[in-house]
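Both complexes below contain chain A, partnered by chain B and then by chain C.
Right after this comes the complex of A and B.
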């Protein structure tokens, strides 16, 4: 009975998700270009937030400098498209560059824990940004660089990027779901729970941490690549801006760190609020973000999804207890 | 070397500055034995365990497991070849349920008996039943008592399918009837799984009742080794650890 019930619930969830996906694919036909751009940004941030979620929500490491992969994704794409490569080729090279960077930097940096790790990644992001700013012949330097513009009507082009970002977000989320529910996922969660115990239980923690960071780097860099092509102009201080990290971390926290849908919900909440409420008083944006973070950490530490989840779990736990008592 | 020897510790030392926490300790353990490791607080029992399982780098000496030198290996590598431990201060995987904790053990642990998720879940269920945790499987580790946490650590270690286990004060915090129960559990599982156990304990009754052989550490040195009775008779052990009256009581029993 229980298993069939579970199956029915599973099927319901899958149908709901497919319906939502279909809705979002068709949505651009019914809304203006302005909203299409807002949604594209939401999908992009949700993708980046998924990366933070794997590293932080599930593994307990907070890579503040993760935006470096976003920047690398955007810049490597710009450089190779400048040399005449197709977008897909440039994107693949960008993803490769980001993954290699995460592996090479991961060996020294992932030995650090807690704040030290967070700060070290910010430092690395700064270092990479400096390199980009100072290699003017290749990157265009501090002035930024352009990417080719797709020779179509802007409305159509924006729809392309809407669909591309949406696909990226869906694929990222699906991959994260599979990763978390695999054996590897248990290794990742064990590291957050107690790294020493994980190690003594036969988990190769170094390998696990680096692989998780590489997965994060992969999706974050693809988001960066799409962003660059979408904007068709990028500058170092924009794509290596640590505020992108801060924003997405807040999204992850609001939605629920360590839940699969949390980052997406968080991205929707923060982007909508910042678009409609904060656009009136931009200078308070950061203060509001900071206050929001403090409030979340104190009052809803598990985010929207996390709090909902534990409410449901408590209800479920209350029932079997009674059954167990009467049986035993 | 006698091929029944599964773990061979050869003059291992650990110095913290001028303090010799473990000083030239050598002993071997045969397959299927339960060896008690006793001594006063600060005698170096846990330090020695940390060295053997790779949690701590030693100052000198060698450790052989099934003839293989494991002195340079990391904890996860040692766990994968079948040598593992519980912790004196429990180290549960916080934020996970009791069942998930044991599942992680069954998914990783010994490499030649690797489990996928399905096999791991099945094995987890068996072990939870064996140690009597099946009714608490869905509770978070933060919601169970210390005796249950110790039981869970033991279950987690069993799920890893090891050949040699260091049990570091698994009885601490248990009341006498729980100690009895846990001793029975350990004996039963030893038979069942053909485990070799190095058993670190302060509760003398438990050690004496369960061990085939006892090793006594004091100030980092091995001061005695022998059967429970021999150890109780040994003047150095009485002086350092047991006290005269207690030793007499033990022998009379």
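Right after this comes the complex of A and C.
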């Protein structure tokens, strides 16, 4: 493939992406409120999954307790809006709180690897949830807390949140793309390949790891803040639920870990499956979700993008071989 | 405080020791973080409930049956869902075991609903009184049985051919393969033993506490803490971790109030991870 061909391909991709963005902006006019809600959830999960993708798909660390940033985002927003701050103000404070938490916790925790890192983050998530549950005067405790409701018709409000989540997902994806294709992105990927070697080549691995985690925390907390305002009621067991982490990890895996569009595709597939499980098998929805997850992990272990890529590559490889055989 | 406090902590710690042991073996030797462990424990409790309600079998006797059933369940789960995906690494085992947890939880919800259940045996109210202390009989029996089972697990690992095979695989997989140990079979048996211990813990739990699907999350948090405190795959480490968690929770509940119990355990766990990643006992494998 020569350079001009590559450029044309790239232009095609950009036009396709712009068309898709336009389609999704206009979509709420044509679908019912139920689907608007599902799409908003898909965009939210895709955003969180992008964070997992940077940490796990590209860097090889599995931050199982990443949902803590989601919870922090939702709760800090709720607390400051309760004090009379505007949503944007509260959202910025929430993002700041999450980023600071990630940096402070990152210094000790990111020294751990593999299982140990995953478990330490789960432990921290549990500890933060416990604090939120027990400081009732500030957070409202285990019973949860409310956020102000926007005084408009519900349909309009849901369209707002649809657009806000969509924008967040697009911005997150673009930032991830830029991050991965920058010098910093190469440092991130070198950590996955071999951390000691990266270190000895002069990459400041501590700085790289903490920055990557802070980027993840930033977007996850904004998703949490939007979620809190969208639902206008949050409870600790809901926004610090490890289930959110598990869901997004499955999304990342199914879409294809370590690819830019993988998490988005995964979010679409899993949310659709889980909605189907909810409406189709009300009483069995947990088991249906579990079985679907096992089946997907068994048959698409490299993710949709990875499997499609290898299928196309196999076809391309197979064709010349046949020609060669007929010639020889 | 005083002697009564000490006894409460030890009695709680005994059950925790057994509870953490199975999880620690599965993680440390088979290399699987079993997120379905809590569900397996609670499944053991419900199986005991069924045996108690239909055949009037005491939970202290039905633990033989729950242990056996869960042993085969564990072997099945390992062979058909975990073993084919071991190459995928930690992410896959976490996802699969979480999916299994969802399935077991759903079965429990469908069959027994989300209500809290209890097993009240005839002697549930009786207790031993000595030296101004008060020891409930069921808790005392639980402690004794948990101690015996931890010791039996130790004997199994040390003295039987299969146990020695499991140890060999845990210490050096290539070396074990070279001398003709079937590593996957050892991993499977080890995983099944861990699951059986989960079921037995469930029976013991049912004889003391009430249980419902909500308990699953509580148990999974505790076994993580116990396994990490003791060091993975270490039998006496898990026992020590269990007793230590018993003390930490009992003293935390006395000093700060019981609502901080979970946070204390988790903070201790993160501290141990940061400063002594091989656990407080400090040796990687069997001691």
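Just so it is clear, the second predicted complex is superposed on the first by the 285 of 328 C-alpha atoms of A that agree within 3 Å, B and C clash if a C-alpha of one lies under 4 Å from a C-alpha of the other, contacts with A are read in each partner's own complex, and residues count from 1 in each chain.
Convention: a residue touches a chain if its C-beta (ideal position, glycine included) is under 8 Å from a C-beta of that chain, and two chains touch if they have at least 3 such contacts.
All values derive from a computational prediction rather than experimental measurement.
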Practice task
Go through the superposed model and pick first if A:112 touches only chain B, second if only chain C, both, or neither.
Solution key: second
Practice task
Answer with first, second, both or neither: which of chain B and chain C does A:276 touch in the superposed model?
Solution key: neither
Handout entry: If touched residues of chain A are counted for chain B and for chain C, the larger one
Key = C
Problem - First, second, both or neither for A:289, with chain B first and chain C second - result: second
Exercise for the section: Would you check which partner chain A:298 touches, where first means chain B only, second means chain C only, and both and neither mean what they say? Expected result: second
Practice task
For A:253, decide between first (touching chain B), second (touching chain C), both and neither.
Solution key: second
Practice task
Could you say whether A:34 touches chain B, chain C, both of them, or neither, answering first, second, both or neither?
Solution key: neither
Practice task
Tell me which partner A:122 touches in the superposition: chain B (first), chain C (second), both or neither.
Solution key: second
Exercise for the section: Overlap the chain B and chain C contact sets on chain A and report the shared residues. Expected result: none
Exercise for the section: Would you tell me which residues of chain A are touching chain B in their complex? Expected result: 182-183, 186-187, 189-190, 192-194, 196-205, 258, 317, 320, 324, 328
Completion exercise
Residue set of chain C touching chain A in the complex reads 27, 33, 81, 84-85, 88, 90-92, 94-96, 98-103, 105-107, 109-110, 221, 224-225, 228, 259-260, 262-263, 266-267, 269-270, 273-274, 277
Completion exercise
Listed in rising order, chain B residues that touch chain A in their complex are 53, 55, 74-76, 79-80, 84-85, 87, 91-96, 100, 103-105, 107-111, 116-117, 120, 135, 138, 156, 160
Problem - chain C-facing residues of chain A, complex - result: 56, 62, 64, 108-109, 111-112, 114-116, 118-120, 122-124, 126-127, 130-131, 133-134, 246, 249-250, 253, 257, 283-287, 289-291, 293-294, 297-298, 301
